[in-house]
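Only one structure is covered here, and it is reproduced in the block below.
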Amino acid sequence: MFHYFKRAVLDILSNRFLNVITIVTIALSILVVSTFVLFFENTSRVIDSWNQGFRLVAYLGESFTPSMLPKLTAKIQAMAEAGEIRFIPKEEGLALLKQEMKNRSAFLETLEENPLPHVLEIRMKRTGLEWDEITAFAKTVEQLPQVTDVEYGQQWLGRFLSLFNLFRVTGYAMSSLFFLIALFITANTVRLALYSRRQEVEIMRLVGATDRFIITPFYIQGLIQGTLGGIVGLSILLIIFLVISLNLQESAASYMLFDIQFLSVKYWVIIIFGSAFLGWLGCYLSLKQFIKY
Amino acid sequence: MFHYFKRAVLDILSNRFLNVITIVTIALSILVVSTFVLFFENTSRVIDSWNQGFRLVAYLGESFTPSMLPKLTAKIQAMAEAGEIRFIPKEEGLALLKQEMKNRSAFLETLEENPLPHVLEIRMKRTGLEWDEITAFAKTVEQLPQVTDVEYGQQWLGRFLSLFNLFRVTGYAMSSLFFLIALFITANTVRLALYSRRQEVEIMRLVGATDRFIITPFYIQGLIQGTLGGIVGLSILLIIFLVISLNLQESAASYMLFDIQFLSVKYWVIIIFGSAFLGWLGCYLSLKQFIKY
Amino acid sequence: MLWGGDRARAAPDLLLNTYAKDEMETRDPIIRLFNVSKRYGKHYAVKDITIDVDAGEFIFVTGSSGAGKSTLMKMIYLAERASQGQIIVDGMNLDRISHARIPYLRRNIGVIFQDFKLIPNKTVYGNVALVLEAAGERSAMIRRRVMQVLETTGMADKVNAFPPSLSGGEQQRVAVARAVVGNPKIILADEPTGSLDSESAQSVLDFLMQYHDKGATVLIVSHNMQLISSTVRARSISLADGTLVGTATML
Amino acid sequence: MLWGGDRARAAPDLLLNTYAKDEMETRDPIIRLFNVSKRYGKHYAVKDITIDVDAGEFIFVTGSSGAGKSTLMKMIYLAERASQGQIIVDGMNLDRISHARIPYLRRNIGVIFQDFKLIPNKTVYGNVALVLEAAGERSAMIRRRVMQVLETTGMADKVNAFPPSLSGGEQQRVAVARAVVGNPKIILADEPTGSLDSESAQSVLDFLMQYHDKGATVLIVSHNMQLISSTVRARSISLADGTLVGTATML
């Protein structure tokens, strides 16, 4: 095995042009995939943080008294979808309403009695819920004894969610598509590199080399090329990211109410392994064509 | 020229393997770029349609009478940022408020007099406005004589806009980055294809061919490869798009409150020209390396 | 045709004769061709050839350009499959040999290709060593054998050169070195002296003769009549338009 | 060395002698080398060579393997630049020739490369026609010339074959055809008969002789003594280790 590895390294050194081209192509393909993943991850993260802002508002009937609160809260908390629950007494509700209405709030002062009900604000536990799930959850909450009505984004929220889910699905589909394309491009490049070495392969066969003897160093080369390509691609992305995020932080610091973050170590590992696999598979697909008796 | 074109076509036919590989690589690169552009365009379009939903609400003082409306409207319309303007008389405002407050609206029935002011709802003309511009516009509107106060999304809107602008900038940056990568990958592939033909080029030189005689067919080939690659890439995208959008329309028709649209003809033309340019430039960058005396 | 023109090799010849007598009766055919033909399109490159080559024979194959000499060689080391007929090499029927056995067949055959077939981006050393590496030899042994064989072919000072920077004759001598480095049972030499001056040509022939003396079966395709006629105890096979038109043994 | 062994060309010879007498005094050197050397690393492939070749001369270049014959040829058609010294070909100083003029220099020189240098994915026709296409000839004229020259070299029935499917000798004859198709002033033939049997070799030589008779200057690198000695009125230049060791004129 070591012997094959040595031959693979020697071969890389004596075919520098072909190897550099292949590694650069793999690096660029990885750059596309990882740039997109980075973009998609950050956008998803920001959207998720918004998404968490969505809440159900449950209006409590006249029959409700604050002493019932712990029991009601526990009941709701038992539901899978429910996250944080906040109780807003009608006094606080009125204050909020005044604040909300601003210019139109003068008349509220003239009221003798607080006309508002008590309210429970329920946040969603998971992000990325489907519209169906939210509707179902709302129905369940509405059926609780003290709850008279449930209000949630309705139309607007449905639209928002379907968009986000579409965004998410498209994002994953595109990541896969880009990975597939990277694979094809890599295979193509490896195929071209091998094409210009087909005579060499033919000569090796003619002097009595077995398939294994010929193929193994190519596979090892593919793995090395893939790994190097992955590292180079990721490094380029990191550099671009650092340059851009530094600039953004300077010029647009005031608008930046969220962080953009680089890919996590988990992704680094996935990308580099994926890239090594890419190099190997590129070899596999191409060698099939050139190594035949 | 026709003579060169004929030689280029003959050459493509006699180097089918190399040409198919090159065209496939260009097609895949174009597929990446145009998939991203498609994704980005659709997302932007949806976001824009939301963005257009943002509006300034100008509260009109006691001094305002409906007869002043045309003059005031004209004044606001003269401002660059102002789009559609809607006048909401206080009666309509009260009706809307009742609807908005739903469960809490019972007390509104008890009011003797309508406590609300008349309101002007001003939509933005352009999309993608910066937070600064909106603030400035709001200030100008507030200074108009009959206007007592202006309300707009504030904090939330600022955050939303900065996100969208970042999304937009990143999108354009990524389109450019992907185009650049496509360029490099194409150049790499062309370089590899030429590498395996370097002997042929060398032989042509040795039997007295001028640079121009050798190079011109390669350039024409590059243009042909680029154009074919562009058409193939775009066709693949169209097929993927049709398959996916048909499936989406079936399974998720209820959630789809917006259309996803394919790239416009303008983009087709840009992409195919870009791709032809890619093929040509790939040739240009690679030939420099191989054609030297 | 008996004895060739000027012969510089008297001593080895004596030895050869003794050796030949001892073995004469026990020798079996190592290469057998029965009605072998090779067709490209409608054209027969080789047509209905039947020959037996005994182990340890020394054979010249002659014939004009395009007569089918190289094609005949190619079928023996299985670079081309015969269209018709049967070929048996070293006990293996080439028609039925499994894919995985082909490398082992080829390790028994040292080929000097007409167009040399050196790998351009491997050094002279690397090209010659490849044969032994592919056969899984240990590196110390490889080094010794390769240097020894390059020494004898006069290419020792070019071990680190790459084939494109060698002269035609130098490339040919590397090709000769590579063909014999594995001590093959059979040596197929397709025009091994075409790029060489008469002196170098003679020394390559002497070199191949040494391997023959050690027991190898040697087939040489050659146009060089002077060389052919200078060689003792060689059989000469003559092709024309793909068919066998004559055999002669010089004794 | 005077007249070679068997000579089949009596009639053209007479013609040649008349032609030679008329022109003898007016001929200028078409190739001039002054103290030309070519160094690769520390090694001199060609060392301090000075020769004048007259227009219309017929020259054999001999020397053992690695003597520098091919390198000398390469410097004349500028595949390699001389390390030292001056080369003047057809009035052009190769040291000072502009990049753009090189193709025009090469169109005056027909080269038969030692390794043929045929383009593998062009047909025989395409390979030969390339020279005329590059020179911008009209296609009717190209077709006629190419077919004519392939006819004479005996390759007319292989016009649509690709070089890898040709025998060694066939490839060499295509290389010969390509070298002469443009009617060059100078023909440089590097071992043009190495893969050919003696009969084909003689016909290639006769063929080159025809161009010489029409006024071309011919330089042939060859190891084939029989061929050399059969040729009348040729000068013979001998190299050893890169230096000129002898000149002889056969008359």
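So that you can tell them apart, the chains are marked A, B, C and D in the order they are listed, and the count of residues begins at 1 in each.
What we mean here is this: contacts are C-beta pairs under 8 Å (C-beta built on N, C-alpha and C of every residue); 3 or more make two chains touch, one makes a residue touch a chain.
As the structure is a prediction and not an experimental result, all values here were calculated from the model.
**Student:** Tell me the fewest steps from chain B to chain C, where a step is a jump to a chain it touches.
**Tutor:** 2
**Student:** Where the contacts of chain A and chain D overlap, which chains show up?
**Tutor:** In this structure, the chains that contact chain D and also chain A are B, C.
**Student:** What's the chain with its C-alpha centre farthest out from chain B?
**Tutor:** Centroid comparison gives C as the farthest chain from chain B.
**Student:** Chain A to chain B: how many Å between their CA centres?
**Tutor:** So the centroids are 21 Å from each other.
**Student:** Which whole number of Å gives the spacing of the CA centres of chain A and chain C?
**Tutor:** Distance between chain centres: 64 Å.
**Student:** Using mean CA coordinates as chain centres, what's the gap between chain C and chain D in Å?
**Tutor:** The separation of the two C-alpha centroids amounts to 31 Å.
**Student:** Pull out every residue in chain A that's touching 2 or more other chains.
**Tutor:** none
**Student:** Chain contact topology under the given definition, line, ring, star, complete or other?
**Tutor:** ring
**Student:** Mind listing each pair of touching chains for me?
**Tutor:** A-B, A-C, B-D, C-D
**Student:** Tell me, which parts of chain B touch chain D in their complex?
**Tutor:** 7, 14-15, 199-200, 203-211, 213, 293
**Student:** Residues of chain C touching chain A in their complex?
**Tutor:** Listed in rising order, the residues are 77, 79, 99-100, 102-104, 106-107, 111, 113, 117-122, 130-131, 133-135, 178, 182.
**Student:** In their shared complex, at which residues does chain D touch chain C?
**Tutor:** Within the complex, chain D touches chain C at residues 40, 62-66, 69-71, 114-115, 165, 167-170, 172-173, 190-191, 194-201, 223, 225-226.
**Student:** Inside the complex, what are the residues of chain A that reach chain B?
**Tutor:** 17-18, 21, 24-25, 28-29, 31-32, 35-36, 39, 43, 46, 59, 93, 97, 102-104, 106-107, 111, 115-117, 131, 148-149, 151, 158-159, 161-163, 165-167, 170, 173-174, 177-178, 181, 184-185, 188-189, 191-193, 195-196, 240, 244, 248, 252, 255-258, 260
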